[in-house]
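Chain lettering (A, B, C and D) follows the sequence in which the chains are written, and residue indices restart at 1 in each chain.
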Amino acid sequence: MKIDMLRLEALADMMEQRDLVEVELADGDSAIMLELAPPRRGRKKLIDDQVEDPGVTVTSSRVGIFLKRVSVGDQVAEGGLLAELRVMDVKYRVTSPASGVVEEIFVEDGMGVEYGQPLLKLDPGSSPTPRQE
Amino acid sequence: MKIDMLRLEALADMMEQRDLVEVELADGDSAIMLELAPPRRGRKKLIDDQVEDPGVTVTSSRVGIFLKRVSVGDQVAEGGLLAELRVMDVKYRVTSPASGVVEEIFVEDGMGVEYGQPLLKLDPGSSPTPRQE
Amino acid sequence: MMPTFRRVLIANRGEIAVRIIRACRELGIETVAVHSDVDADSLHVKLADESICIGPAPSRDSYLNIAAILSAAKITGADAIHPGYGFLAENDRFAELVEQSGFCFIGPSATSIRAMGNKVAARKRMEEAGVPVVPGLYLNGQSTSSDVIAKVKPPLLIKAAAGGGGRGMRVVRAEEDFDSSLLAAQNEAQSAFGSREVYIERYLERARHIEIQVVADRFGKTIHLGERDCSTQRRHQKLVEEAPSPVLTPELRHRMGEAAIAAAAAVGYYTVGTIEFMLTQDMEFYFLEMNTRIQVEHPVTELVTNVDLVKLQILLAAGEPLAMESMEELNGHAIECRINSEDYTKNFAPQGGTVKALHLPGGPGIRIDTHIYEGYRIPTNYDSLLMKILAKGSNRREAIIRMQRALGELVIEGVPTTASFHRKFLDDENFINGAIDTGYVERWLGSTRS
Amino acid sequence: MMPTFRRVLIANRGEIAVRIIRACRELGIETVAVHSDVDADSLHVKLADESICIGPAPSRDSYLNIAAILSAAKITGADAIHPGYGFLAENDRFAELVEQSGFCFIGPSATSIRAMGNKVAARKRMEEAGVPVVPGLYLNGQSTSSDVIAKVKPPLLIKAAAGGGGRGMRVVRAEEDFDSSLLAAQNEAQSAFGSREVYIERYLERARHIEIQVVADRFGKTIHLGERDCSTQRRHQKLVEEAPSPVLTPELRHRMGEAAIAAAAAVGYYTVGTIEFMLTQDMEFYFLEMNTRIQVEHPVTELVTNVDLVKLQILLAAGEPLAMESMEELNGHAIECRINSEDYTKNFAPQGGTVKALHLPGGPGIRIDTHIYEGYRIPTNYDSLLMKILAKGSNRREAIIRMQRALGELVIEGVPTTASFHRKFLDDENFINGAIDTGYVERWLGSTRS
């Protein structure tokens, strides 16, 4: 077996930069596995990992029944009605924190939601897309 | 498989430098796996600390009363009497595993010792020094 | 056993939520845990069949949030709500809303809670029912000593009727001091609260706190399960509870038990509850108040009666008739220590922290009720109770020694606890001799400090 | 309490060593733990006041090493030695040497151990004392059926007198099969052991294992503390024990208790011991053997009698007179599950491993006796018992349900345990109905496998 130390060194460098703890490469009959010692794991600067999610997730501020008032693709204005939450006999409005387009709705209409549960996601920058339903 | 010791050495060096605990390489029918022993992991520059202790420590193979039969500085031959262990009414001989000089006695004469307890230390190479008592 | 509830929502947290889950599980009832967002990793959440987050950390937004709790019960399909102790357990409005929303409230009726919640009205009700209350009377601004001394003998206590916090309060030990003390108290009451009205009651010196466990069904049958002695307390916070009391005779137990039954029956009480009494040194007892819920120290009674009070509470709430009689012979002796995350050397100040290491005592006679585990982060928003250790022995001496042994085995690292207090206090000669009263811990702390 | 011993050496390991340390601590007695080198991190070593390593891992070099144990006792200044169970607990020579070396042996006299250790002699002794033994007789090579059938009625068992392991063994269910079976057994015995001698005894079909706890002082007073039913066993290894037995009447308990007292008294027994009986389906009981030591399942009796058997054993060994009477009314119901590091799906093969995660059940009615902790490495040199979980309820039904609840809470990660067996077996209808015998677990395993 030919050990290419330079390539192994490069691999180890990359592991450290990318914060990888284990690398396995297989190429036909060849295979390489490198594992980093536990104390070294996860001690890097994690800045690059924190990819900004441009979407705005609206979570529930109450325990209640989710009543959907928009659909995916709808354009909503800041302060516009997104949904209602029925808590016992009282309905509370869920309004939009920003203007944008409804990207995803996580909860089915009429289902119960807990405090802090993600309800839907808005794309604040995007322009309206055709309705998908 | 041809074992290239030089390359293995280089690999082991790299593992230590890079703090890798496991490396596996496979190439066709050949495969190499190197795993660093757990005590070595994450303990990088401890090499200098591991001063070789040339002394021979004699431990107790019984639970009993330690009866000293040599003193620090005494020259003993291999198989010579170092101490006796009194277990209830029976005395057992503790003999020297090597010839050398008694460097240190850890237990006071007449004290109880447990199984595995270090009793005394021999310097196998050294020549006798004047008695210290 | 008949089917009771299908699914119970537990409107509480901590060890009592775990206790209720255990009871439900043994009854074959599903459980729903509610929790605030900081309690997401709490043991009651892990043990329950379902869990639901009802709000942020502050109690008023979560565990005291009635709308959120009722809504959670509706969403999760619960048919009954157990309030535990503290939080909403003695809130009559909550009990009422629970029932109005179509759930069963696992506790007494809202009416019973209300009747016992108003302390002045409760006192009147108890007097009418023949339950001894501390002798006393209200005085208006014109009253003088002659009419008082006849009714309330010294030592007596003069309290501002409108007041609190010790303002306008005087202890009178000798008859001849009454007039001057009354005048001083009235003047102080006037300046502090704008009213000369004072209330006079007998001052109970070095009294014990003795409470009687009562159990009742919805059909008018009420029994008692003996007493718990909770005289080891500091500023009304109980630290050690035991049963039986070291000072009660069988005859006194019977009389106090009968009084407790009368007190509960007077307000149409059902499920489980506790009548708290003060017991004076000359063995007279007086109604203090009723706790219309399960109590922290209920396991003490469980150990000496072999009755599971929480299961019984659930079954009685569901309408089962009570099939047992009062128990006046208690089996052995049980002691409970409340292990709080408090530093007793710093005035019992509550402490937060993470449980870094935990070793629980075990073996003969030891029961542990806790919601903590290794790695548990103790939120600072709530009650500081971490664990209840109980020791049962064939007699009081064995129970105390066993508790000391268990406290010696206990390891909780990462946060100071009252176990340090208990280890010392249980060695105190007066505690061991049972010669204490509700003020004893304060005096003991003062003497050990100096 | 009078002073007993100053310092006790515990010649054992595991949960029973921890149990004995707890008893000593409650009696104010110092403890010395002995351990093999692989047990240096064991809990009994951590809990004891002093510890001493007595040898390498193999039992014969450490826990069975009499010289090392006596020497350890001498060095550490112990005045008594507790043998626990297993290892040297029923070794009469050890008991003798302990006493000859000037220590007190916490157990019966060497003579009592010896008398009960020889099973044939013990059988004779019991017959003389009027204790029922399984009807049977020895036959020499010439015997025939006529003299046998009169004394032992079928079903009967023919066993090679010199034998074991099932060789030369025949079950005879009908009288007419006796002659042919006898001949076959004698021939088989001849070829296997070189002797035609066989032993005939009544074959006890579907019998239960019922044992009586006896307690005696050094002054001739012997009492009993009721029974334990240990019918849930596999190849003579008990898996579940309970008290009271689901099948004993008060009258039968009394008769078995009296027989057990007679058996213990016949060998001049003192401290605590157990008389094991087989109980047939027609409620006849027969002496099986005596265990002259504390038993694994002793906590079952502790829970229903409120007596600490280990403390009592120590006090009786120290010469205290017995101050209690027999108990034939047991309080509630208790069940024990033995949690072993065994894979029950692989014929209960013992497994080593490290305890990676541990969560102990708790709350009402639960007692835990264990020596394991998170991070504990289980040595494979010894018994596989990791933990005893006990559940007490007001009745058998509650105790079983409570045990199921506790098994549901138990988490032991890193090693398979018999908890998987218990979770299933406690759901079995026949177990729940108490309709089992000592062969039931094997049949159940066979039926669940297929």
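The criterion applied here is as follows: contacts are C-beta pairs under 8 Å (C-beta built on N, C-alpha and C of every residue); 3 or more make two chains touch, one makes a residue touch a chain.
In this text, all values refer to a predicted model and were calculated from it rather than measured experimentally.
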Subject >> Contact-graph separation of chain B and chain C, given in steps at minimum >> reply: 2
Original post:
Which chain's mean C-alpha position is the greatest distance from chain C's?
Top reply: B
Original post:
When the centre of a chain is set as the mean of its C-alpha atoms, what distance in Å lies between chain B and chain D?
Top reply: 44
Original post:
Where the centres are mean C-alpha positions, what is the separation of chain A from chain D, in Å?
Top reply: 59
Original post:
With chain centres defined as C-alpha means, what is the inter-centre distance between chain A and chain C in Å?
Top reply: 47
Original post:
Can you list the residues of chain C that touch 2 or more other chains?
Top reply: none
Original post:
Tell me, which parts of chain D touch chain C in their complex?
Top reply: 18-19, 22-23, 25-26, 47, 299, 302, 306-308, 310, 331-332, 359-360, 362-370, 373-374, 392-394, 398, 401-402, 405, 408-409
Subject >> Of all residues in chain D, those that touch chain B in their complex >> reply: 37, 52-56, 62, 67-68, 70-72, 74-76, 101
Subject >> Contacting residues of chain A [partner chain C, same complex] >> reply: 62-65, 87-88, 90, 112-117
